[in-house]
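Just passing along the structure, written as structure tokens.
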Amino acid sequence: MQLAKVVGTVVATRKESSLDGLKFLVVHPLDETGKPTGGQVVAADAVGVGPDEVVLIAAGSSARQTEATNNRPVDAVIMAIVDAWDVGDRTQYKK
Amino acid sequence: MQLAKVVGTVVATRKESSLDGLKFLVVHPLDETGKPTGGQVVAADAVGVGPDEVVLIAAGSSARQTEATNNRPVDAVIMAIVDAWDVGDRTQYKK
Amino acid sequence: MQLAKVVGTVVATRKESSLDGLKFLVVHPLDETGKPTGGQVVAADAVGVGPDEVVLIAAGSSARQTEATNNRPVDAVIMAIVDAWDVGDRTQYKK
Amino acid sequence: MQLAKVVGTVVATRKESSLDGLKFLVVHPLDETGKPTGGQVVAADAVGVGPDEVVLIAAGSSARQTEATNNRPVDAVIMAIVDAWDVGDRTQYKK
Amino acid sequence: MQLAKVVGTVVATRKESSLDGLKFLVVHPLDETGKPTGGQVVAADAVGVGPDEVVLIAAGSSARQTEATNNRPVDAVIMAIVDAWDVGDRTQYKK
């Protein structure tokens, strides 16, 4: 999984019908210092997150293993909201 | 998923027979400023898009979770046409 | 999928038995100008291609969705031979 | 699989319910000299590891092939703790 | 698939139980000139290879499509030993 920050939203009305009701969010993966790294990813929201939250995203077929995304053409999902992220003795992030 | 722009087409008559009738489009993923990033991808069209449209693509096994691509050897699919894409308070793209 | 050019062959007699009879080709993905990009890939041939042809390759589990590769340990397949590839108004390649 | 070192932890209380009880660890892949390479990954722990241990991680759908992760939205798993890692005649790591 | 050279071994006694008996080898992918490229990968051995051999590796879910790796948390497998590898008219490698 990747640690990521929720940075935006995508709205699409014309789409594969199985995607109706699913919320698409723009997230940016974070590096070990908490800075955005690599490119943005659009992920389905399986847990109900708000803007700027730090989350975990799962990619690939594993992104379909939630109630919201099962059997849908979705390759990235937000499946957890991060409360705390520690590296060694240092607290990297705390909600 | 990735945000991408439709930039071209690929025609192939000799192919695995299950691919008959499927439309292959060349798309270019977009970065957070809306500029093309990384390399081109060829994606199957599951929603009926036109040239230059901004779309969402799903990759991997998830690309087979549409009616058009089910059980076919396809690893990228256009499964939504983007109406609006917002990052923070900024509208990055509006159709 | 990726556009790629067939550049070579790999012969392997000692292998997982389910691979008997399958042809392995070395292909090189192409960028938007038709030049080789990234590294070489070895792909199974599901359509019967010749040297130097421009093809489409599918990767991951989708590479197993052809009659030739079904249930086999193959993560890349040539599933179509490209007749024409257009980007905008320009013909990038024509067989 | 990738060789990786356990460097941290992630705690998340709000998540897909199937993830309850699963431990998420921050790991850093190692290069051939044993130095961290590329970016951090968050992996589920299927074997019970401690901080700073050298482990093997499996990614993608294979990350769901353990008792702890079966059918869960998890795309990386620690499935082994490394005792010894040899490259040619050299012992790269010994627990 | 990727062409790769076997460069080392990994021993792990504490692991997911389904992995018992499986041999883990360190391999290094090769570029089109036969030089190591990118980072090392740990792959399960499905065919019985020796040190320094040139092999084919399959990744992702396809790595589980061998008798040795079926249903196991393994994301890379050596599924063939290369006898000959030709690029155009040139023999890149011959066992």
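Every chain is named by a letter (A, B, C, D and E) in the order it is written, and numbering of its residues begins at 1.
The rule is short, and it goes like this: a contact is a pair of C-beta atoms (placed from the backbone, for glycine too) under 8 Å apart; a residue touches a chain by one contact, two chains touch by 3 or more.
Note that the structure is a prediction, hence the values are computed from the model and not measured.
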item	value
Averaged-CA centre spacing for the pair chain D and chain B, given as whole angstrom	32
Centre-to-centre distance between chain E and chain D (centres being mean Cα positions), rounded to whole Å	20
For chain C, residues that touch 2 or more chains besides their own	60-61, 63-64
Touch-based graph of the chains, sorted into line, ring, star, complete or other	ring
Round-the-ring chain order [start: chain C; next: chain E]	C, E, D, A, B
Chain B to chain A touching residues, read off their complex	1-3, 29, 31-32, 37-38, 46-48, 56, 58-67, 69, 77, 79-88, 92
Contacting residues of chain C [partner chain E, same complex]	7-16, 18-19, 24, 26, 28, 39-44, 51, 60-61, 63-64, 71-76
